[in-house]
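Read through the structures below before going on.
Shared between the two complexes below is subunit A, which has subunit B as its partner in the first and subunit C in the second.
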Partner chain A sequence: MIKFENVKKYFYKKDRFLSQGKNVVKAVDGVTFSVDKGTTFGLVGESGSGKSTIAKIAVGILSLDSGVIEMKGDCDIVFQDPYSSLNPRMTVNEIVSEALYIRGRKKDLIDKRVDNVLGMVRLERAAKDKYPHQFSGGERQRVAIARALVTEPAVLVLDEPVSSLDVSIQAGVLNLLKDLQEELSLTYLFISHDLRVVEFMSDMVGVMRSGQLVEVASREEIYSSPKDDYTRHLLASIPKL
Partner chain B sequence: MRRYILKRLLLIVPMLIGISLLLFVIMHLAPGDPASIKYGLNPEVSGSARANFSTMYGLDKPVLTQYLLWMKRFLSLDFGRSFIDNQPVSAKILSRLPATLLLQGVSLLVIFCIAIPLGIISAVKRGSVFDRVTTILVFIGYAMPTFWLALLLILFFGVKLQLFPVSGMSPWYAAYMGGFARLKDLGWHLVLPVAATAFGSLAALSRYSRSSMIEVLNENYILTAKAKGLSRGRVILVHALRNALLPIVTIVGLTLPVLISGSFIFETIFAWPGMGRLGYEAIMSYDYPVVMGVGVIATLLTLTGILLSDILYAAVDPRIRLGSKK
Partner chain C sequence: MVLGIGYRFIARYSILGTNSEHNTIMNKRILFGLIIITIMALVAILAPFVATYDPLEMDLSPEARLQAPSAQHLFGTDNLGRDVFSRMVYGTRISLSVGFIAVFISLIVGVFLGGVSGYYGGKVDSGIMRLVEVMYCFPTFFLIMMVITFLGPNIVNVMVVIGFTSWAGLCRLVRAEFLSLRERDFVHSAKVQGVSDMRVIFRHILPNAMAPVYVSATLSVGGAILVESALSFLGLGVQIPTASWGNILTAGKNYIDFAWWLTLFPGMAILITVLSFNMIGEGLREVLDPKLKERKG
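For the complex of A and B:
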């Protein structure tokens, strides 16, 4: 379970030379929502609307300016681009196990846990000693998921986890995420600009625009009877197949 | 990997031929000749004696023939004898090489030990006062002609403050000093030449490492590392640094030619008894065999240095190391 209450995050852009004034970017401007345990909250909105800032705040990479975040258990994140989110000079084993080492776990327990997690994301054990560049995009994203799951988080932030993958591979990763959610009763904060993917994944959907949530409702409501103009505008822009 | 190294080693051959040919031709294009340098000011040497000297060393033959003759001897590892003192060129170079290697080695070490931390701190604290001050200093250092800097160093630290010796490698009484005192004295003599040699490359390398580090810090896997909950130090030193150092390894290859060509200038300014000064003196006295010998050795040192840094690059980057197997 994770809960955001009136969370704000502003960025200040200092102009280097002439002008003394500061530009304020209200990346997240008073956002409130909560996600129940074992469910998925889909966050949609155009690029620059503050979705990724929320993701980074949730896992603690960014601090928040004001507001409260409540969370039961740990939280971890899977980033968009599996080609750049994995350190090219570390083996899969090193990538996945590092978070356990800094927590001071014992070596044999770590090995077991890494095997276990790689099994969960359906990667073979031989993958452990390989480097990221030896995998396809979908496999890399599964390494990234294993990396996030290894510390047994209760909440997983998925920041555009499939948007850099081929459509044919997207389905595989999305189904895996759904299976994992069921097995481990994970709570997902699923961020995407792809409304069809969000529809497939989410229980609740929030629509973001310039740092604010303009509409929060269940998936059925959002997709059948959207209340906000902006939501309607977004839905109208889905390409029909 | 083995094929790659073999290919690169074979490529050294045509490069060496090209460079030695150029060197040989340029040397003969310069006005003047060995005979007039050796006997020109001596009224007791007749014209026929000078002609004999030229014939003896084959200097009356066409340049290309002379080059081929030189090449023939070079292939049997014979560099010939110096026109000036009739010593074998190889012996002359061998006696000077250690001093050059010492100076270049220490300079390289100093460059890396200062430039990389400087660049990394600048990158991590981008936009800070530290970053701006080093940026300005580095640009001044990069723009300054280093031979002029060398003279300034001598003037200030040597003449004014009398802190460091300004020339040579050891004093005449070095043979009477104890082992440790001699080592300390050598270090003392190294300070100014090393400072002058290292300065330009230090500026360049610190810029390289700064931009390389900034690039890596913007990578997503740094975000991933932060998301794992790693400490800031571990993120910077383990995740970022290891990747940022990769391109730096190749810069070693680019630094070596600068250092070796610089040795001609700095060894002359600081009267350092190395190969660079030997080359400079040989050029000034039209000592063709020594010029060619020093040129070839400097070329070989540079080429192998570049080759080594390329191999090192392949060895440290898993993407290149394992890429060939795939």
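For the complex of A and C:
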């Protein structure tokens, strides 16, 4: 499980010579929510609303200015763009095994674990010796998921994990994520700007706007009886198929 | 074991290794440059077998001095009756080793300082960048001349001094690469997984920052050879009687009116070598720079 309590993160623009005033961007401005073990918390909002900042704070890429984060167990992250999230000069085996290797695990145990997680994300064993550029976007994202799973984390932060994939491939990755959650009772913090994807994935949904959570409710409530004006506005903008 | 480590090192840091964007690293310029440099390198390594005479053997008899090129003396003889071809063959050793070793030194200093600067940023970065600016402020050649005058002119000093005065450009280049690469998601991911700073720098960032470094380093080899020749020409480089292309030129300049071979051949050797390195550098830039590729379509 994971818990954010009144978390704040402000970015200051540097004071330049002769610049006027101070520029403060309140990327995350007092955010509180919690995610139960084995469930998915979906975070929606427009770009610039602070969703990704929350993801980065959750895994420690960014520090927080104030507030408290509680987390039980390890936490790892899957990024949006699988073209920049995999080191182009490392093989899949090197990418996936690194976290174990730097923890000094034995080689045969590492090999076993890597085979294991690659199986979980439905990649063939032959993938081990290939480089990221030899894969499609969807396969790359599977490699990124395998890398995140290799240390058996309790929480996965999914920062727009399917936004850069073709729609035809999105469903495959989303289903895979759901299966993995069930199998390993993972807790997800699922971030997306796509309300339909969030609806498919989440148990609870938080709607973000300029650094604040304007509404937090169960999926059913958000999508059937939204309370906040902004949530309604977002829902109205879903293109009808 | 050693082979394995060597293979992995090449795969990680070389342009020959696996790389997504560039399937081929060959083009005509690189090929041309490589052929010339390979010949030069073979001449340097096999100097004792290529040289037709002892490069230091003098013959002061009037008919032996300042002979024009002939079958016996391919490039003629100098004012002390020494065979110019043999002296130039040994001079190749000097020029190439100065070029490579000086650039190797500047590569190590530049990559290390640039990497630290770009990775850590903040005060470390400003400190190193001020140092770079100081280096840029000196007229490098005069700085080299001054330091060599203090340390004493010999080949080792020349290599070291050229190396330690020419890292600034590389440093800036590596810093810029690190600045952009450290914000890439694969670097974030490594940090999230607890990978140490040193491992992030050498395993994740540096291998991806090497392409422009190779271009710049290749171009600098030509530059370093030119500086060495100029220093030798001024008497601050390799000391006579040891032969280097620069000091053969110096000895020849007094006889330039009638003994053209004393200046033409070493001059051509310098020109061709520097040109070859520049060709390789430019060729590599063409192959490795994605922006250039786009423009060509």
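Points to keep in mind about this one:
Heads up, the rule we're going with is that the second predicted complex is superposed on the first by the 238 of 241 C-alpha atoms of A that agree within 3 Å, B and C clash if a C-alpha of one lies under 4 Å from a C-alpha of the other, contacts with A are read in each partner's own complex, and residues count from 1 in each chain.
Keep in mind that, in the parts below, contacts are C-beta pairs under 8 Å (C-beta built on N, C-alpha and C of every residue); 3 or more make two chains touch, one makes a residue touch a chain.
Since this is a predicted model, take the numbers as computed values, not measurements.
In the three-chain model built by superposing on subunit A, subunit B clashes with subunit C. In the overlay built on the shared chain, the residue A:Leu158 is in contact with neither subunit B nor subunit C. Using the contact criterion defined above for the overlaid structures, shared-chain residue A:Ser84 touches subunit B and also reaches subunit C. With chain A used to align the two structures, subunit C clashes with subunit B at 259-267, while the other stretches in 25-33, 43-51, 61-69 or 259-267 stay clear.
Applying the stated touch rule to the two superposed structures, the overlap between the subunit B and subunit C interfaces on subunit A comprises residues 56, 59-61, 76-77, 79-81, 84-89, 98-99, 102, 131, 133, 144, 147. Across the complex, subunit A is touched by residues 219-221, 223-231, 234, 239, 242-243, 246, 317-319, 322-323, 326 of subunit B. If you check the complex, the residues on subunit A that touch subunit C are 56, 59-61, 76-77, 79-81, 84-90, 98-99, 102-103, 131-133, 144, 147, 151. On the subunit C side of its complex with subunit A, the touching residues are 11-12, 17-20, 184-186, 188-196, 199, 203-204, 207-208. Against subunit B, the residues of subunit A that register as touching in their complex are 56, 59-61, 76-77, 79-81, 84-89, 98-99, 102, 131, 133-134, 144, 147-148.
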